[in-house]
Amino acid sequence: MSIFIDKNTKLIIQGITGRDGSFHAKQMMEYGTQVVAGVTPGKGGQKFEGKVPIFNTMVDAVQATGANASVIYVPPAYAADAIMEAAASGVAFVVCITEGVPVLDMTKVHPFVKERGVRLLGPNCPGLISPGESKVGIIPGGICTPGPVGVVSRSGTLTYEVVDKLTRAGIGQTTCVGIGGDPINGTNFIDCLEAFEKDPKTKAVAMMGEIGGTDEQEAAAFVKKHMKKPVVGFIAGQTAPPGRRMGHAGAIISGSSGTAAEKIEAFEAAGMGVAKRPKDFVELIKARLK
Amino acid sequence: MSIFIDKNTKLIIQGITGRDGSFHAKQMMEYGTQVVAGVTPGKGGQKFEGKVPIFNTMVDAVQATGANASVIYVPPAYAADAIMEAAASGVAFVVCITEGVPVLDMTKVHPFVKERGVRLLGPNCPGLISPGESKVGIIPGGICTPGPVGVVSRSGTLTYEVVDKLTRAGIGQTTCVGIGGDPINGTNFIDCLEAFEKDPKTKAVAMMGEIGGTDEQEAAAFVKKHMKKPVVGFIAGQTAPPGRRMGHAGAIISGSSGTAAEKIEAFEAAGMGVAKRPKDFVELIKARLK
Amino acid sequence: MNIHEYQAKEILRSHGVNIPPGKVATTPTEAEAIAKEYGVAVMVKAQVHVGGRGKAGGVKFCKTPAEAKEKAAAILGMDIKGLTVEKVLVTVAEDIGSEAYVGIIVDRATKKPVFMVSAAGGIDIEQVAAETPEKILYVPVDVRYGLPAYDAMRMGFFLYQDVKQARAAATIMQQLYAAFMASGCSLAEINPLVVTPKGVLVAVDGKMVIDDNELDRLPAIAAMRDESSEAPSEVEARNANLTFIKLDGNVGCVVNGAGLAMATMDLVKYYGGEPANFLDIGGSSNPEKVVAALRIITADPSVKAILFNIFGGITRTDDVANGIVTATKSNPLKVPLVIRLTGTNEAEAMKILKANGFSASNDMDEAVQQAVALAKGGKAA
Amino acid sequence: MNIHEYQAKEILRSHGVNIPPGKVATTPTEAEAIAKEYGVAVMVKAQVHVGGRGKAGGVKFCKTPAEAKEKAAAILGMDIKGLTVEKVLVTVAEDIGSEAYVGIIVDRATKKPVFMVSAAGGIDIEQVAAETPEKILYVPVDVRYGLPAYDAMRMGFFLYQDVKQARAAATIMQQLYAAFMASGCSLAEINPLVVTPKGVLVAVDGKMVIDDNELDRLPAIAAMRDESSEAPSEVEARNANLTFIKLDGNVGCVVNGAGLAMATMDLVKYYGGEPANFLDIGGSSNPEKVVAALRIITADPSVKAILFNIFGGITRTDDVANGIVTATKSNPLKVPLVIRLTGTNEAEAMKILKANGFSASNDMDEAVQQAVALAKGGKAA
C-alpha cells in the first residue's frame, strides 16, 4: 500500500514536450508509472515517444484517457493556470513541480482547488514516489525501495539524502512525499501524516521540516493528538539567521516565530523522535520498527 | 409555525437611518418584529427611535445583540457590499429589499453567501412575513392573517393582491415570501417549496411566477417529484411580447424560452392547480384545503 | 440599454480587440468622405437597435466612395422594424476566410456570465442553438476567478485547429470578457469573428446590451444612450421614472408593481380586451408620476379607455388619487377612466375621487371588465 | 526583493495614496535644493534596506535648506547595520496629530493576504503584537473577492472614531491593497499613517517587499532593484542564478537544494565548525554555476575550507565534477577543498575528480567533519 499514488494512478503530464517535462516523462515511464497522456497546447494529436498521446487541453486528455492525476512541468508564469486547468478537468490529484510560482497566484489557486475537492501537491516540490508502484515528479527512483516507512519533507535533495540512507540500511518506504518549500502549498505535513496513519502498510514516519512558519509545530500537535504510529522529525536551518530567506521562499524566520529550536521543542513535546543529523533517522526509525 | 422567520427572529436593519429604512423599521417594530439593532456607518452609538441601538458595522451589531437575521435598505450601489457584510457577520438569513442592484454584482455575491451557508432573500424583493410572528421587509402586515397557506411570489403588489383575496376569504398564511424579480437572486421557488413542504403548519402553497427564465418549470418539476402538499400556480405576463423586459429585470422572454404558455404547461404536467386570474387562487386553494 | 454597433466596437477596441477602422456618418456625403479616406472597399451599416438589419437591406458592400454615398442615401432614413435609421457606420470591408460566433450572456441558471462560442458564425446563434446545439460550446465564468487562460484557450481550440489562431482567439475572449465586465453588460457578442485569408482575426460586428442598473456608476456608458433611436413615449416614461412598454391594444393600463402590471394586462386579455401598454409607476406615490403616466398614455390615439389598478402597500392610494385629480384638471381626458384602488389610505383616496367626480372600485376584476367594455365603446357597467 | 522607501511611496502615490511631496538626493547640495524648492521644513531620510534607521541617526528634521544640506552631509555615506547610505529622501515634514500602523503580509496560515492595523503606529508593529496584541486588528482578504468595502470601513472605524477619517482610512486600505496586489508584494506597510492636526490622512513612511517570483512579469518593479544597496557577493550570486547568503563562519558550503544546504550548514555546526555561507546551486548541473559559486566563496577572506555537498538527482554529479576541475584550473584554490558527491553519475564524477587529483567521499558526515577540521587548521582525516 501507499498514499496518494499507486499502481492504478493514471497520470497526465502537463508540459510533456518541454525540456524538463520530456526528461522526467521518460524517467517516470521507465519507473513504471502509468503515463496515459501529455498536454501541450498546439501539439494535440501528436504522440510523445511514439506512444503517449498528446492533447491540447486537460479536459480533452481526461475525457480520452480517464486519467486521475496530473503532474505539471510548465514555466512559473503559467503554473497557476495549469493547476487550475487540472483541478477543473476532473483529476483528483495534481502535482506541481514548477519552482518560482508567485505566492499571490497561490492565494487564488488555493481556494480554487479546495472548492473542487482536488488534492494539490506543491508547487516547488519534487513530487512523490511509492516505491515499486508509481513515481510522479522528480525523485530519483533508484534510491528508493519498498518498505514500511512513510517519508514526508519540505525539500528535495534532503529527502534524497534521508531516503538513500534508509534504503542503504535496508529500510524501505511506502511513499516518499516532497511537499515543497513555498509558503503556500497544496498539501502540508498534516495531510501526509493523516494519510500515513491510515495506510496499513506504513509502520513509521520520517518527517523533514525546515525553519519558517508554524507547519511543523501544527504537525507535531497532530502527531500527539491523532497518531498511533511513531514519527521521527528533523529540522533543517538550525544555524540560519533570522530575517534571511534560506533559498526556499518559506524558509525564513520572522520575528520570534519559525525557529528550529521551537520546532524541535514541539517535536519533543509530541513524543516524536528527533534526528539531529540526517543519518540519525536510520537508528531512530529502526528502533521504532521493532 | 412558519418558514425562514418566526417570533425568535432577531433582526438587524442595515440602512436604518435612511428614508426607506427608517420608515419600514417603524412598520416592522409596530408589527412586532424583534428589531434588535440598526447599522449606519458613522452613527454607531446612537439610538433609533430612542430604543434600537445603532452600530457602525454589522460585526459590531451581531456581537452586541446576537442577531440572526438582517434586512437591507441601502442604495443599489452599496447593496452588494451590504449583503456580503451581513453574510460575513454571522447572521444566517439576509433579506435585501434594494431594487436596481447590478446583476454582475450578484454573480459575485451569490458564491459569497453560498460558501458561508447563509440564506439570502432578494434583492429587489418585498421581503417576507410570517403573520402574527414576524415581518421582515415591506409587505403590508394588515392584509395578512395566520393560517395554513404558504405563499411565494416573484412580485410585490401581485403578492399583496393574492394574499388580500385569501385573507378576505378567510384563508390565512403561514409565511408569505417575495423572492424578487431579478434574474439572479438568493432564494428561489424551490427553496421556498422545500421549506413549505417541511413546515408542519403549511397545508397548501400558492405560487406566483412570471415570464422569463426557467425557474417556474424547475419548481414544477420539484413539486411533481418531492411535494406531497398541494400547490396552485399562476404566471403573470401571458400577454407580454418576446424580447421586452416587463419591469422586472428577470421578466423577459428570450428566444423560445420563458413564455407563460410553457410555464403553465409545466404546472399542469406537475399536477398543480393553475390560477388563470389572481382571484382564482381563492377557490383553488379552498378546494385543496378540504 | 441597447447601444449601437459602432459604440460596442469602440468599447471592444479600447479593450484591445482588433476591429476594422470605421466611422459614423449621418449624411451620404459624410459616408462618401469616410470611404474616400479609407481608400478601400467599405461596408455601410445601418445603426439601429434591432436585429435582422442585413435582411432588411440595412447593410451594404460598397467598392467606391460614390457607391458608399449612394448606399448611405438609401439606408439613412430607412425604416427597419419601426425604427428610422439616423446613422450609418462606414467601415473597412474585410476579406472573409471563416466566420465564428463569440458571445457572453449572464445566465440565470448558473448565475454566471457564460460564453457561447461556435464556428458556425455570421448567422443567428439562437438558430444554431436550436438546430445544431453540438456546434456551440458553453463556458461559464466564475467571476471570482475571472476567465482562466485555460478556458480561453479551450474556446480558441474549439474554434480553430491552428494554434496561432487559437491563441489569438483566446486573447479576444479575454478582451471581450474584460469589456463585458467593465461595461456592465448583460450581453456582449462578436458575430462574426472573422479569420481573414491571411489568418488574422478581426471582429467584424459587435453588439452589447448594458444592464440598466449599471448606468449610475458608468457615466461614460450611460452617455451612449441614443434617445433618437427609441420610441418617444418610452424615453418620456424613463425620464419620469416609469417603466413603460407600448403594445397594440386599446386599454391603457396604469399599475403599481411589475408583477401586478403584467397580471392586469393578462386580465384585460382574459376579459376579451387588448392592453395598450405595460406601465409600472413603481413603489413611490409621487403624484407627478401619475401625471406623467396619464400624459404618455393619452398621447396614444389607439387608447380608448384607461384603467388604474393600484394596490397600496408602500404606495399611498390617496397620493395616487390626488395625482389623478391634478392630471385630469390640467388635461381633461377624452377617453373614459376606470379606477381601482385598494390598500394603504383607501378610504381617503375614495373620498378624494368622489369629491372630484370620479367613481372607483376596490375590486380588480370588476374594474378590468369595465375598462374592457368601455374600450369597446360600451358603457361602464 | 526590498525596495527603498521613496520607491514604495512612488508606487503608493500612483495608487492614489496621499504622500507628502519628496525627492531623492545623492549629495548634500541636491538635498538643499530640494528643501529650498519646497520652502517648508523637511525630513531627510536615509534610503537603506534595513530597519531602525531613525535610532541609527538616519532620519532628521530640518527647518531650513541649510540644515537639510548639513544633515544630508551627515547621513550620506553613513554606515547603518553594515550598509552604506547612498541616497536620502528629502520630503515635506508633516504636522502629526496621531500615528497609526497599516500593513499587509501574505499569511501562511490563512493562505491569504492579511491586513494588520493598529492605532499604535509609528513604532515597531512586532513590538505591539508581542506586548499589546489587542491593539492590532487582523483582517484576512480573500483575493477572489478583493478587499470588500465593509472590511475596509471596519478597519477605518478601528483606527478612527470620526466617520470622515474612517472613510478616508478605508480608501487608503483599498489603495494599499491595490498597490500590494499590483506590485506582487509579500509585505506592504504604511507606518505611520498620520492624521494631521487639520484632520487629513497622510502616509508618512511606506515600505514594500516584493516576491522575487513576481519580478519576471513586473519589469517596472524589477527595475527598482538597487544593487548598490546590496552585498556585492549576493548580487553576483543572484546574477549567476545561485542563492547565496553570507554568514560569519569559515567553512564555505556549496550544496544543491535549499533543504540540504541548510542541513549541511547545521551539520558543520554539529561537528564544531561554523558555516561561512548558505549557497544553493539549485537543480541544474551547469558547470558555470560551480565556477561562479567558487569565485564568490573564495572572495571571502574568512573562508578557510570549502565543502561541496552534492546529492545528484536531476543534478548530474559528473557535471559538478567538471565544474570543479574547470574552476580550480583557472583560479587555483588557496584553501582546502572537501568534496562529497553521490547519486546520478557518481562513478563518472569520481573518475573525473581522481584523474584531476581530487579526492572525494560519498558520505556527508565524513565530508563535513573533514571540512571542519581543515578550517580549524587541522589536516584532512
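Should a chain be cited, it is by its letter among A, B, C and D, assigned in written order, with residues numbered from 1 in that chain.
The criterion applied here is as follows: contacts are C-beta pairs under 8 Å (C-beta built on N, C-alpha and C of every residue); 3 or more make two chains touch, one makes a residue touch a chain.
On a predicted model such as this, the values are computed, not experimentally measured, just so you know.
Colleague: Smallest number of touch links from chain A to reach chain B?
Modeller: 2
Colleague: Could you work out which chain's C-alpha centre is the most distant one from the centre of chain A?
Modeller: C
Colleague: If you tally contacting C-beta pairs, which pair wins, A-D or A-C?
Modeller: Here the pair linked by more C-beta pairs in contact is A-D.
Colleague: Go ahead and note the Å separation of the Cα centroids belonging to chain B and chain D.
Modeller: A distance of 55 Å separates the two centres.
Colleague: State, to the nearest whole Å, the distance from the C-alpha centre of chain A to the C-alpha centre of chain D.
Modeller: Between these chains, centre-to-centre, one finds 28 Å.
Colleague: Which chain D residues reach two or more other chains?
Modeller: 144-145
Colleague: What residues in chain A touch two or more of the other chains?
Modeller: Those would be 108.
Colleague: Using the definition of touching given at the top, classify the network of chains in this structure as line, ring, star, complete or other.
Modeller: Per interface graph, the chains form some other shape.
Colleague: Which pairs of chains touch one another in this structure?
Modeller: Between chains, contact exists in these pairs: A-C, A-D, B-C, B-D, C-D.
Colleague: So in the complex, which bits of chain D are touching chain C?
Modeller: Answer in residue numbers: 144-145.
Colleague: Report the residues of chain B in contact with chain D in the complex, numbered from low to high.
Modeller: So the residues of chain B touching chain D come out as 41-42, 44, 56-59, 78, 81-82, 84-85, 88, 108, 112.
Colleague: For the complex, which residues does chain C have touching chain A?
Modeller: 145, 148-151, 153-154, 157, 163, 166-167
Colleague: Inside the complex, what are the residues of chain C that reach chain B?
Modeller: Touching chain B: residues 106, 108-109, 111-113, 126, 129-130, 142-144, 181, 184, 186, 211-214, 216-217, 243, 245, 247, 255-263, 265-270, 275, 278, 280, 283, 311-315, 342-344, 364-365 of chain C.
Colleague: Taking the touch rule as given, give the residues of chain A at its contact with chain D in the complex, in rising order.
Modeller: Within the complex, chain A contacts chain D at residues 76-77, 99-104, 106-108, 110-111, 126, 138-140, 143, 153-161, 164, 181, 183-184, 208, 210-211, 213-215, 234, 236-241, 244-251, 255-256, 260, 276-279.
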